[in-house]
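Take this structure first; my questions come after.
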C-alpha cells in the first residue's frame, strides 16, 4: 500500500525537500505532491499562460485559477494533507488549504511552532494530528506503517 | 423562502450589527447566525465549562472545541456564508471558516478591502462572489430575491 | 407537502408567468423560483454592485458571479427543475443549468418544441421527463399530487 | 502520478488529435478519453445496435443512451474535463457535459474564442480555468506537474 | 417531530388505506405518500400527457417517466419506506423501489407473507425490519415515538 | 432556529430527564430525542411485534431491528448527538451509536467521568467536545445560542 | 483504461460465460465479476459456514448475508452493471440488484426479451441502456472503447 | 481483483496472524491492514512523538491522535472491515471502529463468541455478516472469489 501526501503551507524555505529526503531514507512508501514552490512563477502563471491582464487584481485572479487547479487536482488524489505554518509568513492561503483538506475528509497533520498555538487553535482542534516539527510529522506518517 | 446566512470573519468591529440592521430595513427574509462575538468569552469558554487546564495550549484546545461546535452546527444550517477580512486582523481562523464553507458546497461571499487582494487571491477565486464592502454583500443577497 | 420548483431556461417571453398562474388556478402546493428575468439587469448586475470593470469580459465575469449565486442558492433549495428551450434563443446557459440539475440529482422536466429534438437529444435522454409544452409540464407536476 | 482528462466539446475538427500529440511530445503523464468523434456513427449508434426505430425522435433517444453511457463511464474516471467551444457549432450538448463535470466536482478547463465570452459567461465563471486556445489548456495541464 | 413514510409495493388492494386509517386512529404524527394507485391511469399517464406513442414499448417508456418522477420526488422527501409484497403480484417494480430506498439510505420496512420468504431473502436481509402484516409494520412505526 | 439533539448512551438512570428539565428551564430552543428507555421493552420489542423466536440470538436479532430503526430515523434527524458513558454499564452499543454519529458528520458531545478517560480515549479524540457532567454538556449546547 | 462490469440477473443459464467469451474474443479490456452461479451453493452458503439454522427463514437469512456481502463488495468495485431478465425466472433479487446499481450511480445496461417490456418498464426507464440480447449489451460496452 | 481488509478489534492475542497465514495458504488475493498491535507502543505513541504531556488524560489525547490517524487512513483504503470481539477485553474502541465502518458503508464482518450475542446485538444487526470464529470469517471472504 502506497500513500499520497499533499504538502501544503509556506513555500519560503525547503522544508518539503527535507521531509522528502528523510522519508526516502526510511524507505516509506509515500508519494509527495504539493504546490508550485517557485514563488515568482506561482504569482505570474496566469499572465504566463493568458497574457497581460488589465490590472493587478485580475492578474491575481488568473494566477489563482491555475494554482487552484493544481492544488485541487493533487489534493483530491491525496490520502493525507500536511500543512506547515511558520513564524514569518502568515498566509491565509495555507489556512484555506488546511481547512479544505479537513472539509473533504482528508486527515490533516498540522505543523506549527509552539509560539503559534493561539492563532491556530481552531485549526489545530480540527486537525487529526498537531505537531511542532517536520520530524514529528514524519514520525506520525511512519507510524501508519509500523508493525510493532 | 427564508435563507440562513452565516457571518464568518473578524469579530473586532460591529459589521455584523450593521449588516443585520440594513437587511432588516429592507425586509429581506434572511436569518443571520455567526460566532460568539465577545472575544474574551470566546477565548475562555473552554475553561468556563471545563475548569482550569494545565497550560495555555490546552486552554486553547478546549476553547476551540466549544467554538468549533458552534461554528459547525450553525454553518451546516446555513445556505450562504459571508466572510469579512479587514486590514488589521489577519486571522487564519477566518480563512479556515471560509474554506470550510467552500468545501461543504456553501456559496461564499468574500468581503475584503481592495488592498488585501493579493494575500486573498486564491480564496477570492474559489468564492462565489468577492466584494469590497458590507453594502455590496447585502446587494448580492438582495439580488437573490429581486423580481426585476 | 409543498414542493419547490426552479424554472430554468429562456428569459425572453413570459412562460414562467403563464405556468405560475395555471398552477395557482389548480391550487397546486408548489413554490416557484428562478433566475432574474429582467435581461438587462441580469447582464449589468456585476457593475451595478461592483462598479465599472476594465472590459466586457470582466463585466461578464462579475455579472455571472451574481447570477450564479442566485441560481445556485435557489436550485439547491428546489425539489424539481424545469428547463424550457425555445427556437430562438439557443442559450448554452440553459443547457448548463439543466445539466447541473441532473448532476445534483434533481429530477429535470425538459420542455422543448418537437423541432429541437435533435440538438437536445442527450439532455432529453438524461431528463426525468421530456415534454413539448408548458401545459404538459404542469400536468406532470400535478400528477405527483393526484390521488387517482 | 498519471491523470485522466476527458475532452468534451465540438467534434467537428481535430483539436483532440492536436492536443494529444503535443501532450505526448512533452511526455506529460496524461491519458486522454472522450466521445465518439465519428459524427455519423454517433448519430446512428442506437439503430446500429437496436435496429430501426419508429421515428427520428426515438432514433435520437436510443443513440443518446449509447453516447451518454460512454460519456458517463469515461467522465467518472477522469480527473479533469476540458471543453472546447467553437464559433460554428453551438452545441447544447457540450454545455451540458461541461456543467455535469462541474456538478460532479471535476475541475473544468473551458476553451473558447474571445468572441464567445458573452454567451459562455456563466459557464466560464463556474469553470476552474478559462482559456482561448488548445495550447493554453495544455500549459495549464502541464503546470500541474512542473517542479519550478 | 413528524415523519414522512413512502408506501411502495403492490397497488391491487387497499392496504394503504387500512394503514393510514389505523395510524390516524393512533394519532401518529406520520404523513404518508405513495404511487398513483389507479392502475389504469398509471399505465396510461404517458399518453394522457404526451399523446399517442408509436408502439406499446414507447407507451410504457413515457408512462414510466411520469411514474418515476412521482416516486423519486416523494421518496426523496421520505424518512422511511414501507414495501408490501403479496402472493399474487410479483412486481419487479416493487423490488426496485425497495432497493432504491435501501441504496439511498432510507430505512426499509418489508412486509411479506411468510410464504414469500425464499424469493425475498436478499431484500429481507437488506431491509431494516421485515414483518408479515400491515399491523406489525404499524407497530414498528409507532415504536419510534413510544416513551416507554 | 431550533436544534434537535439525540441523547445516546446508558439507559440505566434518568440523566435524560434531568437534562431536558434544565434545558427547558433555560428556554433553550432544543428538541430532544433518544432510544426507548424502558430496558425490558427494548429487549422484548422484537418478540412483541413478531412473536416468539426460535432462540435467544434470534430474539435479540429482531429486537435490534426495531431498536436500530428507531435510532437511525431519529439520529438522521438530529443536529447534535450527546453520548453519556457511566462507570457501571460498559455498553458497546453506546460506543457504536457515538461512532455512527461521528461517521455521519454529526458533532458528538461525549460525557464521561474522568475515571473512564483511558478506555474512551479514541472516541474522545474523535468527539467534537468531551465533558464530565450533564451540566457541562448543557453549557456547551447553550453556548451555541449565546449572544455574548 | 480497464473497466469492471458486474453481471447481475438470472443464474439459470450460461449467458455470463457466453458474454465473457465474446468480450475476450474482441480483446475488450473488461474484467467481469458477478454472483455465485452455483444455485445450490448460493442457497446453502449460510449453513455451510455457520451450521444448521433453526428454520428455513433463518437459513435464508444467513445465506443472504453471505450472498449480499459478495454482491456489495463486487458491485462497489464495478464501473457498469449489466442485469439480464429472462422469461422463466422472475426474480425480485435481480430487480433489487439492478435498482441498487442505479441508486449507487452505476450505469445499468438492462437486457430483457421484448415480451417483458411491460413488467420492466420502470426499471428500463431508469436504466442507462435497454437492449434485448447479450450481443447488443456487448456492442454497447464495446462502443465505449471504439475510436471511430 | 485484489481486496483490502481492515482487521479491527482486540489486540490481545494473535488472531490477525492466524487469519493472515490461513488466507495466504489459500492464495486469497487479499491485503490485510490494521491497528498497531503492540499495546504499549500504542498507548505511548503520543508522548513518543510529542514528548511528555501534563497529565494522563492529555497523554491519552495525543496517543489517540496518532492511533486514529492510522485507523482512519487504513480503513478508508479498505473494502471490508472485520472486527473481532472476545470475552475478556470489552473495548469500546472496537465497537466504535466497527460502527465507523458501517457508517462509512464498508461491509462489516463481526466475529464474536456466541456468549456475547446479547451485548453485541445491535452491532450484529447492522453488520453485513456475523460469525463466531476466525475460520468462518475467512470462509465468508473466500466465498467472494469462489467460482462455484
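Each chain carries a letter (A, B, C, D, E, F, G and H) given by its place in the written order, and its residues are counted from 1.
Criterion: contacts are C-beta pairs under 8 Å (C-beta built on N, C-alpha and C of every residue); 3 or more make two chains touch, one makes a residue touch a chain.
Here is each chain with its UniProt name: A, B, C, D, E, F, G, H = YtoQ family protein.
From a predicted model like this one, the values you see are computed outputs, not experimental measurements.
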#### Entry: Touch-network distance, chain A (YtoQ family protein) to chain D (YtoQ family protein), counted in steps
1
### Task
Specify, for the interface formed by the sequence copies chain E (YtoQ family protein) and chain F (YtoQ family protein), whether it is same or different in terms of residue numbers shared by both sides, with half as the dividing line.
different
### Task
Farthest from chain F (YtoQ family protein) by Cα centre, which chain is it? Let me know.
D
### Message
Between C-D and D-G, which chain pair is linked by the larger number of C-beta contacts?
### Response
C-D
### Query
Comparing each of B-C, F-G or A-B with A-D, which pair has over half of its contact pairs in common by residue number?
B-C
### Query
In whole angstrom, how far does the Cα centroid of chain C (YtoQ family protein) sit from the Cα centroid of chain G (YtoQ family protein)?
38
### Summary
Per the C-alpha means, the centres of chain A (YtoQ family protein) and chain H (YtoQ family protein) lie apart by a whole-Å value of 31
### Query
So what's the Cα centroid distance for chain C (YtoQ family protein) and chain F (YtoQ family protein), whole Å?
43
### Task
Report the inter-chain centroid distance for chain E (YtoQ family protein) and chain G (YtoQ family protein) in whole angstrom, where each centroid is the mean of the CA atoms.
24
## Note on the structure
Multi-chain contacts in chain A (YtoQ family protein), i.e. residues touching at least two other chains, fall at 65, 68
### Chains that touch, pairwise
A-B, A-C, A-D, A-H, B-C, B-F, B-H, C-D, C-E, D-E, D-G, E-F, E-G, F-G, F-H, G-H
### Query
Hey, which residues of chain H (YtoQ family protein) end up touching chain A (YtoQ family protein) in the complex?
4, 31, 33, 36-38, 41, 45, 48-50, 65-66, 68-70, 72-74, 76-77
### Task
Using the touch definition up top, name the residues of chain C (YtoQ family protein) that touch chain A (YtoQ family protein) in the complex.
54-55, 58
### Message
Under the definition above, what is the set of chain H (YtoQ family protein) residues touching chain G (YtoQ family protein) in their complex?
### Response
1, 3, 79-80, 107, 109, 128-132, 136, 139-140, 143-144, 146-148
#### Entry: chain G (YtoQ family protein)-facing residues of chain E (YtoQ family protein), complex
56-57, 60-61, 63-65, 67-68, 71, 85, 90-100, 102-104, 114, 117-126
